[in-house]
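In the two complexes below, subunit A is the common chain; its partner is subunit B in one and subunit C in the other.
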Partner chain A sequence: MSPIAALVLKDLAIELRRKETVVSMAMFGLLAMVIFAFALQSASLATGGDPLNNAAAELWVALTFAGVLGLNRSLAIDLDNDALQGLLLAPVGRGALYVGKVLSNFLFMLLAAAVVLALFVVFNNLLLDARLLWVAVLTVLGTFGFAGVGTILAMIAANTRMREVMLPILQIVLTMPMIIAAVGATARVLDDGDPGTLYVELVAAFDIIFLVVSYLVFEYVVEE
Partner chain B sequence: MKDRTLGIVTLAAFVAALYFALIYAPTETTMGEVQRIFYFHVPAGITSYVAFLVVGVGSIAFLATRDPKWDRLAYCSAEVGVVFAGANIALGMLWAKPVWGIWWTWDARLTLQLLLALIFVAYLMVGAYISDASRRAPIQAVVGVLGAVNVPINYLAIRIWRTQHPSPVIAGGEGSGLDADMGIALAVAGAAVGLLYVYLLRRRLAVERTRQEVEYLEQVVTAQ
Partner chain C sequence: MTDAPALQTEGVAKTYGRFSALRGVSMTLEAGAFLTLFGANGAGKTTFLKIVATLARPTRGRLQVHGFDAAERPEEVRRRIGFLSHNTGVYRDLTPLENLRFYSRLYGRDDGDPALEALLERVGLEDRRHDAVRTFSRGLLQRVGLARVMLHRPALLLLDEPHTGLDARAVAILNAMLDEAVEEGRTVVLTTHDLELGLRAATRVDILDRGRIVYSGSGDADGARAAYDRHIRREAAP
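For the complex of A and B:
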């Protein structure tokens, strides 16, 4: 079995036993969506705007907050009982460690995103058509970039005195350009079914750049 | 002594820049006198980009060589860069209020410049919150690399977004051809702002070197 597969299976086994990360992420994402839908749609009803205009924003705010929560959880699993020390001592390349962690974070975020997305469809009375396919593609792309950079940022935050504060700060400022592009694309899809290839390309470009740069510098974050 | 000469040259350059920007350059026809903010607003923005790229280069050089001078360069350039980005945004607001009628708008260009400044504020926070001195430099360098990657991305994204949504509010001033005299004024003011960056960076580096020397001597004294 390859080291990367072993790392992902390890996180999966922990999650299957504890069932904490995905559940808490989905719950938090749902609540974030409800709060923002409530706030924004009350405002747009008061001013006479179309509530669907805010739908893309609600979805991405929910995914962003849920994602940060999930990264904090996933890091806590590694820091408890100094499990990270064990991982670093294992005869596994730092790159494999990074990729394994990205994949398991990505997997958990996708599961939570699927729950959020399903409720998003119902709450916004969306039809099950091609637009949803695009929203799903954008969610996968955005979540992947989020996990890619978030995995290294969680390790960075773990080295600071204020881990719970630094992770959201770093994560939000660094992924915000990508989130802006993703919200733009989602809003366009919901509006007329065309996300605009440019926006999708931007999200994909952020994915690739974040992943490659993070992969290259990851070893400096975990060195002793 | 060299810093002192540079300081005097910078001061002289600013006096010249004020002459060129406020007196020499012709008054812009539609916006009037307030357009003269342009001669400092644009150089401050470009200088902040340069400063953040220096953070990236210094960070990569530090990770490759482990020479603390590169870490100092990156760290100090980030501090100065945040000041220039702040000046760029503040001058932009002073210009926007009379011309657009608003201080701020969530336009792609403004938003991305604000985010870039915030990324490097977060970079400085990471450094401040790491207690272990030997771990601080490499981890901060990783954040520096991830942050500096955003400079070219943001630059490109701004152009892409502009062609996607041509917005009249950001067309003012530069771009479609500049009057020759205005070009001269911009070059002089740009040189003055660039000199100010170099001067501030050198002074900040001198302070940082002294601080590290004192820290080292403290350790030597307490060890005995």
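For the complex of A and C:
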């Protein structure tokens, strides 16, 4: 079994036992979605606007906050009892450790995103058609980049005194361009079914940049 | 194993900002040696072990483990070392058996459960192998950590005050495993504040003081005790 598969299986086993990361992410995402949906849709209705105009922003705000929460919890498992040190002592390239952790985080975020997306469909009366498929594709793309950069930022934040605060600050600032592109693409999909090539390319480009840079610097982040 | 020394360091130094934790440590340790490293708190023992374990990068100097340069071939170095500190590096939500299964995969061994269970029996955890590590006391946790370190039969064992928090039975288990490792030609580097535990099996004793080796001698108990009194007890005296 490859080290990457071993890492993902380990995280899955722990999550199956604790049921904390995905559940808390999903609950937090749902709450954020409900609050923003009621707040923004009430405002739209009061001003005669189309509630669907704010739907893309509601989705990505919910996914962003839920994702940050998940990253904090995911890293806490490795920091508990300094299990991370055990990983770093293994004869495995630092890159493989990074990829394994990214895949675990991505998987957990996708599960939570699926729950949030289900509520998003209900709130916005979306049909199970090509538009929804595009929203799902954008969610997968955005979540992957988010997990990619979030994994390394969580490691950086772990060495600071206020890591619970530091991670959201670093994560949201760094991923803001990608979130803007994802919101733009999602809004266009909901409007006319076409996400716009530029927006999708932007999200994909951020994914690649985040992953490559994080992969390359991970070794220096985890070393004393 | 190669004919190269188990551990060779040349002028290894480490600074954190303006603080020098290590100020040029050079040593050669032949395979099969049992080195006890004494030093007061803050002398640089843990920093030295972390650098050898490739967890920290030296600011200056170089080191080799069984002929493999830590900067150039870190994975080969890690394959040959086992490092145990106060933090046992095991997952609290997994059982001891699951922890060993995971680390066995990570080391590319995929040991079967019988071999892992035998190792747990060796550290006296056969009855607790299916209990979550979260429920373990400090001493039991350290035993799981010991099993993790011994899992891949490392050629060089690095133990940073491993006796801390262990009861008499666990100390006996640890000492027996270390004796067995040395009999098999493996090398041990142990740090401890306990003079008797440190001298028990040492073939060499070094004393670190403010990041420098200030004494290096054989495991001769009288000589080591005198050096310990000179460099550590006097330092600690009010």
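We adopt the following convention: the second predicted complex is superposed on the first by the 224 of 224 C-alpha atoms of A that agree within 3 Å, B and C clash if a C-alpha of one lies under 4 Å from a C-alpha of the other, contacts with A are read in each partner's own complex, and residues count from 1 in each chain.
Operating definition for what follows: contacts are C-beta pairs under 8 Å (C-beta built on N, C-alpha and C of every residue); 3 or more make two chains touch, one makes a residue touch a chain.
Just so you know, these numbers come straight off a predicted model, no measurement behind them.
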Handout entry: Which superposed partner A:E223 touches (first subunit B, second subunit C, both, neither)
Key = both
Handout entry: Which of subunit B and subunit C A:K10 touches, first, second, both or neither
Key = second
Practice task
Applying the touch criterion given at the start, work out whether A:L170 contacts subunit B, subunit C, both or neither, answering first, second, both or neither.
Solution key: first
Practice task
Kindly classify A:L88 by the partners it touches after superposition: subunit B alone (first), subunit C alone (second), both, or neither?
Solution key: second
Exercise for the section: Figure out whether A:A118 sits in contact with subunit B (first) or subunit C (second), or with both, or with neither. Expected result: neither
Handout entry: Contacts of A:M162 with subunit B and subunit C, given as first, second, both or neither
Key = first
Practice task
Scan A:M1 for contacts with subunit B and subunit C and give back first, second, both or neither.
Solution key: second
Practice task
For A:L45, decide between first (touching subunit B), second (touching subunit C), both and neither.
Solution key: neither
Practice task
Enumerate the residues of subunit A that count as touching subunit B in its complex and touching subunit C in the other.
Solution key: 223
Practice task
Write out the stretch or stretches of subunit C touching subunit A in their complex.
Solution key: 50, 53-57, 75-76, 78-79, 81-83, 85, 87-94, 98, 102-103, 105-108, 110, 132-133, 141, 148
Exercise for the section: Would you mind writing out the residues of subunit B in touch with subunit A in their complex? Expected result: 63, 108, 111-112, 115, 118-119, 122, 125-126, 129-132, 135, 138-139, 141-143, 145-147, 149-150, 153-154, 157, 160, 164
Problem - Touch list for subunit A against partner subunit C, complex - result: 1, 3, 5-7, 9-10, 13-14, 17-18, 77, 80-93, 223-224
Completion exercise
Interface with subunit B, subunit A side, in the complex: residues 149, 152-153, 156, 159-162, 166, 169-170, 173-174, 176-177, 180-181, 196, 198, 202, 205-206, 209-210, 213-214, 217, 220-221, 223
